[in-house]
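To keep things simple, chains are lettered A, B, C and D as they appear, and every chain counts its residues starting from 1.
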Amino acid sequence: MKIGKATVPQSAICAHNPEAIVVRGEDLCNGLIGQIGFGDYFFLLLTGRRPDAPASAVLNATLVAIAEHGLVPSVQAARMTLAAAPDALQGAVAAGILGCGSVILGASETAGRLFDEIDRAAPQHGGDLRAAARAVVADWRSRGQAVPGYGHPVHKDRDPRVAALFRESQRAGGGQRFVQIAEAVEAVLPEVIGKPLKLNVSAAIPAVLLGVGFPLRALKGVPMLARCAGLIAHMAEELEQPIGFALSYQATREERYTGVVPEGFVPVQKID
Amino acid sequence: MKIGKATVPQSAICAHNPEAIVVRGEDLCNGLIGQIGFGDYFFLLLTGRRPDAPASAVLNATLVAIAEHGLVPSVQAARMTLAAAPDALQGAVAAGILGCGSVILGASETAGRLFDEIDRAAPQHGGDLRAAARAVVADWRSRGQAVPGYGHPVHKDRDPRVAALFRESQRAGGGQRFVQIAEAVEAVLPEVIGKPLKLNVSAAIPAVLLGVGFPLRALKGVPMLARCAGLIAHMAEELEQPIGFALSYQATREERYTGVVPEGFVPVQKID
Amino acid sequence: MKIGKATVPQSAICAHNPEAIVVRGEDLCNGLIGQIGFGDYFFLLLTGRRPDAPASAVLNATLVAIAEHGLVPSVQAARMTLAAAPDALQGAVAAGILGCGSVILGASETAGRLFDEIDRAAPQHGGDLRAAARAVVADWRSRGQAVPGYGHPVHKDRDPRVAALFRESQRAGGGQRFVQIAEAVEAVLPEVIGKPLKLNVSAAIPAVLLGVGFPLRALKGVPMLARCAGLIAHMAEELEQPIGFALSYQATREERYTGVVPEGFVPVQKID
Amino acid sequence: MKIGKATVPQSAICAHNPEAIVVRGEDLCNGLIGQIGFGDYFFLLLTGRRPDAPASAVLNATLVAIAEHGLVPSVQAARMTLAAAPDALQGAVAAGILGCGSVILGASETAGRLFDEIDRAAPQHGGDLRAAARAVVADWRSRGQAVPGYGHPVHKDRDPRVAALFRESQRAGGGQRFVQIAEAVEAVLPEVIGKPLKLNVSAAIPAVLLGVGFPLRALKGVPMLARCAGLIAHMAEELEQPIGFALSYQATREERYTGVVPEGFVPVQKID
């Protein structure tokens, strides 16, 4: 029996034997448990190294910033799912996680890619970040790609989490390069896309994280882990004070059926 | 239009207006971001209050203890899912979360219920925890219910995470009542079920968390959030060094087809 | 290397070689494709045998009956999920499937177990189905277990799908034993639980399926497969006429925040 | 209170009142249940019209063709999930559905888009399908986009389901335009990409479905619904003959840990 190299699973994250568990090269039981906070452990799991002080402060700040914003669509989906399947908490949390897609929470990663592209384009513009931002944003627009991380349905001025994250990034001594790039994009948006959209939390997250060495490819994991915490809190509340069916009832109170009906059929109307 | 009370969704977790976001009564941007670690924030989200020092230490210790244990089934399921659908990171993480069920990670919550029942039964046994444990475990067995949190396929002696968590619980000044109950159960198992099963991490988690005021009902959330962190790390590795299909290939190398076949059909054999 | 029997995966569903695929003993390409409808194929996949004429008629009738009932909670959850993650159709469908739990679509299986228990209890009651139903339902109630499959929030009289399924069961020559049991339960409910709840589709499905040899253990799969078809149709409509965010907006129009707020904070109100 | 048009949910799929349910304009209980097979009902749900005879035959043939192919990765993920969370059948099926992504089952939709593009490009090539296929495939390749639906790890010659689906398409009188396009692509692949990859089922599905008026945008739904049936069958088998943990055990028998270890630590080895 000969198995090619490609078919042998390998991983650098965890090893164990009956007496010990090793995670990212460290002894879990005698080096990590009790000696590292959960936010920092997430950094270690992801990158293979412990965060330095700025990375720890900034990562925890972003996780706290994005974990919870009330009855957003993914929380509603999870609460409805738990109402229908109360025995399967994991199913409801999974349903909520499935809403962490490109339109909503995925914007953190896409904004990170935008900033990274501007960073790499800057030298061609003599280091002028606004010029680089103008060029890259115009290029994204010309390819029909939305500019992520700007504008918010509730927080019309700058999302208040932006100032909080930028403040913590400075206080912690995180690199400010990508904060400057994020602000350069904000500055050029009115001329490039014709709308004065302000920074929201999804742009602030990569702006501060890229400055402390958080990997670009893993950005999407930050809102996902954070929202998982918020979802679990909502599920605990749902089990005690269920609103899943109330949300569903409200959602369709003004529903309109736009199809045809057989002769004589009158659809039910919730509102007279 | 009149809508009954039960149909109006309500929640005590989060409120916001254009300038501010309030979570559990605190100003997110000027009181939480930068001033609370992610593990502690999870406690606040869940319970509505900040953890005291023992609760903070113990909760972070449990989250670190359970986040990662290598290529366990839920991680395999997630890596296979990402290999098949690499654009949807959230789908792969959700697939992994769906494996946090009663048999595997749900044991933390069930063990917590067992310990809680023993705690409440103790007075009827003159406060003798072993006697109470003996009675309650025997009762669970008689109802055909498995005793969760004892025995481990790899860690035949006590799972090394147990000692680490008990050590941190003591160091942090957490209540030891439920640790004693967990050990009482371990002590009576040989006579009640005939097997000397040792404490594993799923029993140690409720043992230390119930001693610092973590809510019984929310126990299942701890392994779920923790594993979410581990899953995201595995997904980041999968995107760089894919093994999803290799795992799947290996899994079926010795597969046996046990159904009938049409005449002349010879199924493919991976191994000669 | 020695691997124990229990660790070798085996399955009786499908085998293949480079030239052919065998499903449940039949040649997929020269015996099934083009020669069996999808509903019947589901029966073959599940049971290992082709349905006879009554089983085919009744199974297809139940799949059609339960596939679609408008913007129910699981469809709302799926549409919200697609709005947030439009690139991952599979994620939105999965979110909808996760709502097929014990409270909603799982009732078909639980009702099937109830009917099966009554069927087996009947001899002790001289074959009197009402007496057996009275005893079994009273027993379920005394154990705090809900009686599934009776009552409907919209269809206060009998759910119209019940008559349709019973009619098809008779027309197709399906066994009527479990239909009689379902009606016996309906008849005794007023005296046993004090409410004249009428049969709904979730009780009618097992009533007709158990009469054509559909396996009790697989009942939950019928609403799940059926709803998958409905969900896919809703996702196709969502991609052309999105309402995911509108549903979410409506759902929280009258939301009440019941927690505390910092001094001076006024939460946003959607309705004045 | 004034709610803008965009915030009122609307749908053309289903309406109901206490006595009746209307689906796509037809009375569910007196026009559909018992009078339409499940495969045809899926077409009606999706498109708003009943399939004609060719569409019915071809759609059912594709659903049967793609429903089941043994212990593929998504089935393994689902079986592992059920082993870990046996109470939540819906969670295991959802985990399997999450594997219906771009790499595996999504290829049907992507191949459909390729064929559609070739169809529209053909006039510019004087109607020569091979020329059009050559140009479009070359263009996809130049943009780094994989050509979906050709080549199969097991079925090195043409996947046997291809001939079966093409045979049924002809027998049913379905349009052959897209079959010709699919074969034109197969013919030009050796010169354009340098590999003689043969048609697989994921290309055959859109080839026959687009010829009977099945909507391009809904193609991804066909493998998803079909696999849902296969997944449910595997879950029923898993509940009776569990192999979820055996699959997981096998998958990591040759696992290699590639990270560093603390001094003196020897990871467990499954194979000596």
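Criterion: contacts are C-beta pairs under 8 Å (C-beta built on N, C-alpha and C of every residue); 3 or more make two chains touch, one makes a residue touch a chain.
Please read all numbers here as calculations on a predicted model, not as lab measurements.
Q: Return the chains shared as contacts by subunit A and subunit D, ordered by label.
A: In this structure, the chains that contact subunit D and also subunit A are B, C.
Q: Let me spell it out: compute each chain's centre from its C-alpha atoms, then which one is farthest from subunit D's centre?
A: So the chain farthest away from subunit D turns out to be B.
Q: Report which of B-D and C-D is connected by more C-beta pairs in contact.
A: Between the two chain pairs, C-D has more contacting C-beta pairs.
Q: Can you spot which option in A-C, A-D or C-D is basically A-B again, with over half of the contact pairs the same by residue number?
A: C-D
Q: Could you please state the distance in Å, as a whole number, between where the Cα atoms of subunit B are centred and where those of subunit D are centred?
A: Averaging C-alpha atoms per chain gives centres 34 Å apart.
Q: Could you please state the distance in Å, as a whole number, between where the Cα atoms of subunit B are centred and where those of subunit C are centred?
A: Comparing mean C-alpha positions, subunit C is 29 Å from subunit B.
Q: Can you check how far apart subunit C and subunit D are, centre to centre, with Cα atoms defining each centre and the answer in Å?
A: Roughly 23 Å, centre to centre.
Q: Which residues does subunit D have that touch at least 2 chains other than itself?
A: 3, 8-18, 20, 70-71, 85, 87-88, 90-91, 94-95, 98-101, 106, 154, 247, 250-252, 254-255, 268
Q: Which residues, counting only subunit D, touch subunit B once they are in their complex?
A: It is residues 70-74, 76-78, 80-81, 83-88, 91-92, 94-95, 98-106, 154, 244-245, 247-248, 250-255, 268 of subunit D that touch subunit B.
Q: Given the complex with subunit D, which residues does subunit C contribute to the contact?
A: Answer in residue numbers: 1, 3, 6-21, 23, 28-30, 32-34, 36-39, 41-42, 45-46, 57, 59-61, 63-65, 67-71, 88-91, 93-95, 97-101, 106, 154-157, 160-161, 163-165, 167-168, 171, 215, 217-218, 220-221, 224-226, 228-230, 232-237, 239-241, 243, 246-247, 249-250, 271-272.
Q: Under the touch definition given earlier, write down the residues of subunit B that touch subunit C in their complex.
A: Of all residues in subunit B, those touching subunit C are 3, 8-18, 20, 22, 24-27, 31, 48, 85, 87-88, 90-91, 94, 251-252, 254-262, 265-268.
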